[in-house]
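Both complexes below contain chain A, partnered by chain B and then by chain C.
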Partner chain A sequence: MTRDSAAPEVRIRDLTVVYKTPAGELPAVSGVSLTLNPGTITGVVGESGSGKSTLALSLLNAVQPPGRIAAGSVEIDGLGDVLHLGGEDLRRTRGRKVGYVFQAAQSSLNPLKTIGKQLLDLGRSHDVDDLRALVADAKALLARMGLDGARVLDSHQHELSGGMRQRVGIMLALVLNAQVVVLDEPTTALDMITQATILRIIREVHEERALTTLVITHDVGAVAEVADDLAVMYGGRVVEHGPITEVLGTPRHPYTQGLIRAIPRLSGDISLARALPGRPPTLGTLPVAGCVFRERCDKRMEICETVEPETVTHDGRTVACHAVGRPAPVKRREYA
Partner chain B sequence: MITGTAITKTFKQRGNVLGKREVPALRGVDFAIPKGGAVSFIGESGCGKTTLGRIIAGLETYDSGEIVIDGTPMSSLTHRNRQPYYRRIQLIHQDPYSALNPTRTIHQTLEAPLRLRARQTGRSKSWVDVRAEELLDLVGIDPGYVLPRYPHQLSGGMRQRVVIARALTMDPEMLVADEAVSMIDVSLRLGILGLLRDLRERLGVSVLFITHDIATARYVGDEGELYVIYRGQVVERGPTETIIADPVHPYTQSLLSAIPVLHGLERPGAEQVVPTEALDEAQTDEGCLFSRRCPFSTSRCESERPVLGHDGGESGEATVQLHACFHPRRRSVIPQGVGA
Partner chain C sequence: MTKAVRDRPRGTALARRVTGHVVRGLVMIWVVATISFVIIREIPGDPVQGMYESLLQKGMSPDQAERATAVLYGFLPTGSLWDQYVGYMWSLLHFDLGRSLSTPGVAVTSLIGSAARWTVLPVLAGTLLSFLLGVIMGVYAAIKRSGKLGDLLALSGSLLHGIPVYVIGLLLTAIFTTLWPILPSGGPVDVAFVPGLNAGYIGSLIHHAVLPVVTYTLASYGGWILAMKSNVVAVLGDDFILAAELRGLKRGIVFRYLARNAILPLFTILALSIGMLFGGSIFIEEIFNYPGLGLLLVNSISTRDYALMGGTFLVITVGIVVANIVADLLYTAIDPRVRSGEAA
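Entry: the complex of A and B
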């Protein structure tokens, strides 16, 4: 079993994904550029309709009709542009190079087959010669995650608890030694203690296997615990991206600020928590021009109505907001 | 005011050849929900919190125990005579997508219970439409926009507000909110929670909040009371802020330790309690129900069941923290804010 020692980098550039609707083609993801640094966990948070799941599917070039990847590229080290792969090459890539842990693992497992049979199906479809070694690897992975491998492989999905199924999903994504792993809502519908266990496992397995990991979620708390970098999505755009402690500690985009303020916390003055006014846009209600967040923004200016804010990178942090604007070194003197 | 004493409920499952399997959902639970108060039931799925909520709302029977509403024991009444009491307690469902009839406009959805209410209170028919608009105003949505629409034309947050408005048609004295925000977008959750808090403050409606998310319980009623339920038993109970800041039961501490830390904003609590994995086989009904998962368990815990009570040292306080543990100890487990 040979494995590249270095985790791959993933570069998403100007990605636009559109969905065909009666009102024409509408963008679910528009012009997103995002780099997943090798060996890091990047969390993507967004509400329903923010385009986060569509973004994740693009990493596998798996956007289904009526959706269509309209522009951009997704380059993975050692693979090239995934969006140019097709047919057999693409099928082999999924699973072998890019592992995907689906949301609601209970509905992504076959209810009629034992986990072991599904594992063998996976091995055969990827032409694994040594199926015994594959089963041994699977058992080792399950044991690593605190499960009895032999028992789990003999079980049907309904015999497993939510937390166990989620671990089976992670095992199936990793057993072919994928180095890029996408987890879509890995902790939704899990109990708190189980959630904490799964998050710990994600972090540990990520480090042990030198992966590049993408975690998609609506729950800031769930990524805060595991991620190195945080990307915040709104209306199909990445509005803020940077190291997680900085984004959470000193959020720059008004949406990120509002989202963090809206999380009830366990300590401190609870009355400081505030709901964001308005509601998240859907494909149909997205404004055509200007900033997508302006309807709910307390820093809204005239320019926000007409001009879409550019994505500006400064100090390793990326923000797309007119109110944040460009770094102004002159202002800093006031504090000197 | 509604109180319950020693409520038990056992679900009987069809078992195998060896006979029926009995699943105890509630093992003798006491509770008291004061007028205008906020009470939260916290626990993992399957702990019995939802069953208890449904029993309180009159939607589920119980095997033994007594529920007293405004001084009247429910066991003394016939099923029919209990109804006026349960009218005062309304349930808000978890899923706003399936709680509303998709073939009815919001106007029709609100009209039916309001007509009934108008008959009960001797009001005229014209009151129905006025009241429908009043209620939608109260829950913070525009009646002109919402009334003629069908549920599928509304967002999840709006639907949940309609569900709350419908619960209010019966002039309830208590709302039972079972995971009322878990299906709603994060940025909108606080709006719904704030609405429940407002209703409590403005109308004096008491709120029973059932959730697995302790921090949201704090937002609905930080001066309220918190019950931590584990496998059908209340293991810790007391003022919400006290239980969160100073929990003494290892199970409560495990729940609080499991809450993600917002790194950059918070640092983890000084001590963390991580339970050993729960495997079904390991769950026995002997001794303390948590003993098999508890990192501090002793031989006494495995043979004897602790009951809910308080330590001798702290008796005499007006609001007490009760726990069911042989080895209670305060541990600082919750994340603390950084800086500020």
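Entry: the complex of A and C
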């Protein structure tokens, strides 16, 4: 199959998403700017509540109430600003242009309909004329992922294993030839072998179809296997962003450093893995002024209390930290 | 090939399921029949014995009295309990429920048959109407739950659910037969019309059925709207609805996903309440003087007509048992998770 292989670029600019709470509107994502280079896989890591899923939903302008996109833009080549789409335009974009693999792909299927019927619903929703070809594409994709397409399409959700459902979710996101694919925690709740398979499939399909892919996860190890770029989120901000080998090899932001230190090594003493001190912030405990990470930071300075660090880009990497800018502290090179 | 292999055990599973249900249903009916037999026999002031003795006192010979009582009750009043029981079961197998005491000589089956006519249609109409109305309004109340209209609908549900059916019935009677007399206050049909397929008779039937049906609808509407609303809200929170939206499915299709999943649990309740309708609605039939099964049961209790009472109970039991079986099979048909034997 030939496709126009020009993968689109995705530019997120100054995106702010707020959630309405009894304490007022609190930002889950504040002023995030992130560029997904065409044809790359960008990983987003962060702890629970860091705003990564909210960021993922913003790419489809699908932030759910009580959340609301307060400011910013999400520009996708060929689509314009997704945040300005609404109604039918937005619906047609979802699924057709931007594929979304759901966080809980285990339960992202209608329990009462066979996968095949849901595939036809998808085709009809996007005015696919040749439904036979769509089914054939779906079977090919499923076969590509090591499944018996005919059998899967004839099954109900409960007849499939978790890994199979996840692959069905990926198939449904890709079958309409979307060129931007968002995967929200694609391997959570799967066993290690299935995880590895899914990640390999993501990488292969991504390269075959020349996609621009965003993978959201809290698992640094998982993302390291597939991503080209890595963005680290903390408290609703992207604190570091750059090519993955560099970000993981020479982490600059103290949070990234802490995150990497917290991973236990397969070889070596488990006590060397050190958990980050303190707790991840919640919407309510996020500091209003200054750096959001300062409470847990070992490089805390006076300026961190009052001034929020600006995102600074140099040699292809973006870091938001007052302590960076001096010679980058590269203490634990052995993790490279 | 895979399909054939998977379909075969599915077919036998269904057959096994149906057989199991029918067997269990028959056992249930037998148990209820036995209990009602024993109660009628063992109740203090045994009505059968009482009848027998009063016939003796009237000067009948023991033989004659025995036969007369046997005709009335459908089983022999003398002999061992076991013999009587066998006799009773035997006539049951022939759909003979004995004869009524309060309407002497009339078979219980024909009394129940004629009462059922006045119960089944109005209650069925009321049940289906309230189900439809409640389900539609429930979806609406769930979708608009943060707005005024949604609140109002939910409130109407709670309110109607809380008002006893006889209060609704009396209110409607007061409004539509006294304050604004446009509807008849009672009875199933105007006696002036000749029964049959003529416009006047049927019109009168409908005219008389309006109040009972509306009362029944209002009385059960509250339950439906509340149940449907909470089901829809629960399904709205399910991941697959958001997933369907994120796949860009048309609104109509997403709505069908939502509605089908939300309505599923209600079908069981619907089948059961259709089963219950054989019991009639005692209050409604009393208020509107509608000669249905509910009224028949009340009358049989007040006149201590035990044969009729036992028969009515048995009919109600059969209705509920059959409804249970239908509900389960219906669920099997519409929920694929149950169909393949996995607990939903």
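In this section, the second predicted complex is superposed on the first by the 320 of 336 C-alpha atoms of A that agree within 3 Å, B and C clash if a C-alpha of one lies under 4 Å from a C-alpha of the other, contacts with A are read in each partner's own complex, and residues count from 1 in each chain.
The working rule: a residue touches a chain if its C-beta (ideal position, glycine included) is under 8 Å from a C-beta of that chain, and two chains touch if they have at least 3 such contacts.
In this text the structure is predicted, and so the values were computed from the model without any measurement.
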item: Superposed partners chain B and chain C on chain A - clash or fit; value: fit
item: Superposition-derived angle with apex at the Cα centre of chain A and sides reaching chain B and chain C, degrees in steps of 10; value: 70
item: Contacts of A:110 with chain B and chain C, given as first, second, both or neither; value: second
item: First, second, both or neither for A:196, with chain B first and chain C second; value: first
item: First, second, both or neither for A:93, with chain B first and chain C second; value: second
item: Touched partner set for A:259, first chain B, second chain C, both or neither; value: first
item: Partner chain in contact with A:222 - chain B first, chain C second, else both or neither; value: first
item: Partner chain in contact with A:245 - chain B first, chain C second, else both or neither; value: first
item: First (chain B), second (chain C), both or neither touched by A:9; value: neither
item: Chain B versus chain C as contact partner of A:274, first or second or both or neither; value: first
item: Lowest inter-chain C-alpha distance for chain C and chain B in the superposed arrangement, angstrom; value: 7
item: Residues of chain A contacting chain B in one complex and chain C in the other; value: none
item: Residues of chain C touching chain A in the complex; value: 2-3, 238-240, 242-251, 253, 257, 260-261, 264, 334-337, 340, 342
item: Complex interface listing, chain A residues touching chain C; value: 60, 62, 64, 91-96, 100, 102-105, 107-114, 121-122, 124-126, 150-151, 154, 156, 158-159, 169, 172-173
item: Sites on chain B touched by chain A in the complex; value: 44-45, 155-158, 185-191, 193-194, 212-216, 218-219, 222, 244-245, 254-266, 274-275, 277, 334-338, 340
item: Complex contact set, residues of chain A against chain B; value: 47-48, 146, 191-193, 195-197, 199, 218-222, 224-225, 244-250, 258-260, 262-268, 270, 273-276, 279-280
